[in-house]
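Below are two complexes that have chain A in common, paired first with chain B and then with chain C.
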Partner chain A sequence: MSPRERSGLALMAPAAGVLVFLFLIPTLILLVFSFWLSKSFVLIPAFTGENYMRALQSSGFIAVMLNSLKIGLITATVSVILSYPMAVFIVFKTRTNLFMYLVLASWFTSYLVRIYGWRMILGSNGLINSSLLAAGLIDQPLDFLLYNAVAVVVAMTHVYIPITLLMLVSALRDVSPDYIAAAKDLGAGPMQTFLGVTLPMINRGLISSFMFTCILAAGDYITPQLLGGRTGTTVGLLISNQFRQSGNWPFGASMAFISFVVFVALYFAVVVGFRVARLAPYRRYH
Partner chain B sequence: MLRAYAVLYIAVLYVPILFIVLFSFHSSAALTFPFEGLSLRWYREALADPALLDAFLNSVKVGLLTTLITTVIGSMAALAFARIGGRLKKIFGFLSFAPIALPGLFIGISLLTLFSQLGMQRSLWTVTLSHVVITLPFFIESCRSRLEFFDLSIEEAARDLGARPFTVFRLVTLPILAPTLIGAAILSFAISFDEVIITVFVSGNQSTLPLYIWSMMRLSVTPLINATSVIAIASVILLVLAMSMILGLRRARARQQRHSRNTAHV
Partner chain C sequence: MRRMWTHEEVRAAADGRYSELLLSRRRLLGMGAAATGAAALGPFFPRAARAEVGGTLRMMTWQGFDMIGDAQPWLDANGVKTELATITAQDDVQAKFLGGSPVPIDLTEYNQAYNRFYVDELDIIRPLEMDKIPNYNKDNIFPGFYQGERWYWDNTQWGVPFTWGLNSLVYNPAMMDKPTSYKDLLKPELAGKITITDEITGTWPIAARVAGFGAKYPNVTRDELAEIFEVMKEYRAQSKTFSPSNGDIISLFAAGDIAACFNCWSGIPFEAAKQGVKLEYVIPEEGAVMWCDAWFTPRAAENIDTAHAYINETLKPEYQAKLAKATTSGCVNHNAVALMDEETRALFNYDDLDSVFKTSPLEGIPPRESDEFATYDDWVRAYEDLKIGL
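Entry: the complex of A and B
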C-alpha cells in the first residue's frame, strides 16, 4: 500500500467509524429486532418471521402501503414535472445563480413551518375557505381541502421540491447545449429532442430525482400526522407509531424492512421501465 | 415565458411562508382574512414562555457541536477521497451516501434501537450523535466533487521543500479548500438546527426548537405558532449569517497574517 493510500485510509477512519457505528450497526440491530417478538412491551429475543407474516396478512398495512406508494409516486411525478422547466431555465437560460439561491433558501426555512403554512391555507377556517366564504362563492367551508391525501401531496411537493430540482439541475449540467442545438439543426422538434437527446443523457439523474422525492414522501410521518387524516396515512406514520405509542418495536421494524424492499423493487422497476420504453440507453454514450 | 414560470415557481415556494409571517403580526387570534390589524402581542406571548429560550439554546448547542464534529471528521473524509481508489473508494462512497438515501424515519428508529440496546439515556448527546449521521453525508457529498480533483502534487511540492505534514495542511491544503469546507459546515448547522424527523425518536426530556414548535402545532392553530415559527426562521438566518461572517473573517485574517509573515521573511 502506497503512503498516499495509507494516509487516505487514516483520514477516512473517523468518518467510516462513525458511519459504521451509528448507521450500519443500528440498521443491523433493527434487522435483528424485526425477527424478535414483543409481549406486553417486553422484547423477547427470537428468530421468527411472525412480524413479517402479521404485516403482510394485515389488510390495513397493505392498504396503507399502497396508499403511500400512490402518495409517493404522485408527489414525485408532480415535483419532477413542475421542476423540469425550472431546471432547464436555471441551467441553460440564465447566468445568475439568484434563482438557485432562492430555492435553496426556501429549503432551509423550517420544514415544520412550511407544513404548518399549508394547514393555515387549506384548513376549514383557512385562507382559501375564508376568502371563498367572504366572496360569497360558497356557503359552507370546503372540508375536502384538509386531512386527506391531496393536502399531503400538496404540502409534500412544496417541502421536497427543492431537492427534486437540485438533482435535476445537477443532471442537466452534464448535458452540453451543443447536442440540443445539433438536434434542432437536424430538424427535430422540442419533443423529439427531449425524448431522443436530452432524456437518454439525463435518465439516471431524472430517475434519482424521482425516486429520492418518492422515498422522502413515503417515509415522511410528520406531514401525514399534521395534514393527512384517514386517506393521507403513509407507511412512515404507521412505522413511527409502533416506535412511539403502542410500542411494538419488532413489528415496526419488520414493516420498515418490508417498505425498504418495496421501494428498492420500485426503483428497479422504474429503471427497467425506462429501458423497455427505450428512454434510457443500455450504456452511457457521453 | 420560461423566466415567468421561474418567477412563479419561486413565488409559490414562498407564499405559505409569507402568509405565516403576515399572520404572526395579526392583532386577533383569527388566522383568516380579513386582516384586522397589526400587533406584536403574539411575539410578546411567545417570548414570555421560558421553554422557548431553553429549546432555542438547546438547538444552538446541538447545532454547534454537530457542526464541529462533522467539520473535523468530514473534512478528513473528503480529503481521503483524493487519496484512495478502487473498491475501497466505492465502499466508502456508498457508506457515506446511504444515510441520506434512506428516509430520516429509518435512521431515527434504528438509532433508537441502538441507544436502547446500549442502555444510553436519551439526551442532547444522543440527539447530537444522531444529527452527525445525516450532516456527515451531506458534508462529504457537498465537498467531495471539489476535493476529489484536488491536485495532490501541490502538497508534494510543499513536502519536497521541507514542510512537515501538519504545516503542509495548514499552509497549503486548508487555504485552498477553506471556502468549500466553510460552506459545508454552515449547511451542516442549518440541517441540524431544523432537524425534527430523527430528533423525535432520540431526544430525552430536553426539547429542541423544532420539537418545541411541533408540540405546539399538535395542540392548536393560533398566531402564537406563527410568531414562534418566524422566530425560528429568523434565528436560523441570523445564525447562518453570523457563522459565515465569523468563519469568513477568520479566513481573511489568516490570509493577512500569512501574507505579512511572508513579506517579513523577504
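Entry: the complex of A and C
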C-alpha cells in the first residue's frame, strides 16, 4: 500500500468507523431482529418470515407506504423543479452566493417553527385567509388550504429546497459554460441544450438531490402529522408505533426493511429510467 | 475468606478512629488493590444503592411535573442534586428500563393504565418502602387515591399517586352550542371542526363508550372491537386531524381551526385562556376518563432512599397545591385544597370526589395476551387503521 493510500485510509477511518458502529452494525442487528418474534416487549429469537408476511399482507401498511411514497415523490419533484432555475442563476448568471445564503437562511430556524409558521400562513385565521377576508374576496375561511396532502407537500418543499439547491449548485458548478456555448453555436435551442448537454452532465447530482429529498420526505412523520390532518399517518409513524407502543421490535424492523428495499428499488428505477432515456451516459465530460 | 467490615468498623472509619480498625499491612494492601480494581471495573457493574438521603436524584417526569423549582429548599437542605429527563410519551418509561442495560433512573411516574403491565409483565417496578413515605396515609390522602387497585396489590405498594386530571370534551362556545354528548360532535355543521387527541389511554375507553361498550372496556371481544371502530369512523369523518399533543390542540383552537376536541385534557381551557381563547370543558353523558400518575422507583434505581424521601415531600399539602396550579391538575392530599387559589380549586369537584370517580373512572389498557378478548396489539392495529382511514 502506498503512503498516499495509507493516508487516504487514515483520513477515511473516523467517518467509516462512525458509519460501521452507528449505522452498519445496528442495521445488521435490526435485520436479525426482523426475523425474530416478540411478546410484550420481550424479543424471542427465531428465524421466521412471519413479520414480513404480516407487513406485506397489511392493507394499512401498504396504503400508508403508497401515501408516503406519493408525498416523497411529489415533494422531491417540486423541490428539484423549483431549485433548478435558481441553481442555474446562482452558477451561471451571478457570481455572488447571496441568493443561496438567503435560501439556506431558513435552515437556521427550528424545523418545528417552520411547520407552525405554515400553519399561521395557511390556517383559518392565517395570513392568506385573513387577507382574502379583509379584501372581501371570500366570506368564509378557505378550509382546503391546510390539513391535507397539499399543505404537507408545500411545507416539505420549503423545508427541503435548500438541500436540492445545494446539490444542484454543486453539480452545475462542474458544467463548463463552454459546453453550453458550443451547443448554442451548433444551433441547439435551450431545451435541446438542457436535455443533450446539461442534464447528462449533472445527472448524478440531480438523481442524488431527488432521491435524498424523496427519502427524507417519505420518511418524515412530523410534518404530515401537524399539517396533513387525517392524511397524516406515514410509514415512519407506523414503524415508530411498533417500537414504542406495541413493543414489537421484530415487526417494526421488518417494516423498516421493507421500506428500505422500496427506496433502494426506487433509486434503481430512477437510475435505469435516466439511462433508458439516454440522460445518464456515465461518462465524465470534465 | 476475608471477613466483611462490621458496622462499628465502618462508623469508626467515618469518624476518623482509624487506629480502632487495627489495619495490618496486608489488609491495607488488600484494600488498596480492591479500591484500584473497583475504580477500573466499576463502570462495568451496577452501582450500589445509596442508603441515605442525598447525592444525585435521577428523575424522569412529564414536562413540568418534576416541580424541582418548588422543591429546591428541600433539595438544598438534604444535599440532593437532580438530573432530569422528560417523558414525551408513556412508552418512554418502559423503553428506558427494558433490556440488559436499564437506565439508572431513581424516580419516575406511570399512568394508572400501565400498572399491571409494568409490574406483572415487564417487572420494571420496585416495591415501595412505605415506612419512608409517611405522608401517604389515609388521613391525608383522598380515599380514591389511597391504596387503590391501580397502585396497591399483593400487599405491596407499587406506586404512589400524586397528580391526576380528567380527559373529557372541550369546546369553543363561540363556535358551537354546549354539547351534552359526544354524539353532538357528529352534527353536520361541525364537519371538519373537531380534533381527536392522539393518545390511547383516553381515546380508547371513550371510543368504547360512544359505541356502547364502555362497561366492558378494556375487555371487549374482537367483534366488539370492530364495532367500536366502525362507530369511530363517523368521528374520524368529522375530524380535521388527530392531534399529537396538548400544545397542538391549543394551537388548533387558537387558530380557529377547530370547535371541539374529542378526549381532551381538562387543563386545555386554562392553558388556552393564556392565549386569549375562551374554551370550556364539559363532562358529557358518556362521562370523562380520569388519568392519575403515580411515582414509582424502577428496578434500576440506585438512590432509593432519596427517591422515597422526594415522594414523601411531594405529598405535602403546600407542594400539592403548587403542583396543581402549575400543571392544571388535581391533588391527592385533601389538605392541599384549602391552599389552592379559587381558579385551581374550581378545576374539579373536590367536595364530591366520589361522584367524579363514578362518572370518570380510572381506566386500564387491554390485555397483552388473550384468546377471549381483543388484545392491546389488536387495539393498536384497529386504531392505526382508523387513523389511516381504512
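Rule of thumb we're sticking to: the second predicted complex is superposed on the first by the 259 of 286 C-alpha atoms of A that agree within 3 Å, B and C clash if a C-alpha of one lies under 4 Å from a C-alpha of the other, contacts with A are read in each partner's own complex, and residues count from 1 in each chain.
Here is the rule we use: a contact is a pair of C-beta atoms (placed from the backbone, for glycine too) under 8 Å apart; a residue touches a chain by one contact, two chains touch by 3 or more.
Small disclaimer: the values here were computed from a predicted structure and weren't measured.
Following the overlay on chain A, a clash is recorded for the pair chain B and chain C. Applying the stated contact rule after C-alpha superposition, one finds that A:Ile239 touches chain B and leaves chain C untouched. Once the two complexes are laid over each other on the shared chain, residue contacts for A:Ser130 go to chain B alone; chain C is not touched. When the two complexes are overlaid on their common chain A, residue A:Leu226 makes contact with chain B and with chain C alike.
A simple residue count on chain A separates chain B from chain C, and the partner touching more is B. Once the two complexes are overlaid on the shared chain, A:Val153 sits clear of chain B and of chain C alike.
When both complexes are overlaid on chain A, the residue A:Ser59 reaches chain C alone and has no touch with chain B. Contacts of A:Ile71 after superposition on the shared chain: neither chain B nor chain C is touched. By the document's definition of touching, of the two partners only chain C reaches A:Asn248; chain B does not.
Within the superposed three-chain model, A:Lys39 lies in touch with chain C and out of touch with chain B [touch as defined at top].
Of the two partner chains, chain B is the only one that A:Leu82 touches; chain C does not reach it. Residue overlap on chain A between the chain B contacts of one complex and the chain C contacts of the other covers 116, 119-120, 123, 125-126, 226, 244. Of all the residues in chain A, the ones that touch chain C in their complex are 39-41, 59-60, 63-64, 116, 119-120, 123-126, 141, 143, 146-147, 225-226, 228-233, 238, 241, 244-248. Here chain A touches chain B in the complex through residues 4-5, 7-9, 11-12, 14-16, 18-20, 22-27, 29-30, 33, 82-83, 85-86, 88-90, 93-94, 99, 102-103, 106, 108-114, 116-121, 123, 125-127, 129-131, 134, 158, 161-162, 212, 215-216, 218-222, 226, 236, 239-240, 243-244, 249, 252-253, 256, 260, going by the rule given at the top. Of all the residues in chain C, the ones that touch chain A in their complex are 89, 91-92, 94-95, 98, 117, 121-122, 192, 198, 200, 236, 239-242, 244, 248, 251, 255-257, 368-369, 376-377, 380-381, 384-385, 387-390. On the side of chain B, the complex with chain A involves touching residues 2-3, 5-6, 9-10, 12-14, 16-17, 19-20, 23, 30-34, 72-74, 76-77, 79-85, 88, 92, 95-96, 98-99, 101-114, 117, 129-130, 132-133, 136-137, 140, 152, 190, 194, 196-197, 200-201, 210, 213-214, 217-218, 221, 225-226, 229, 232-233, 236, 240.
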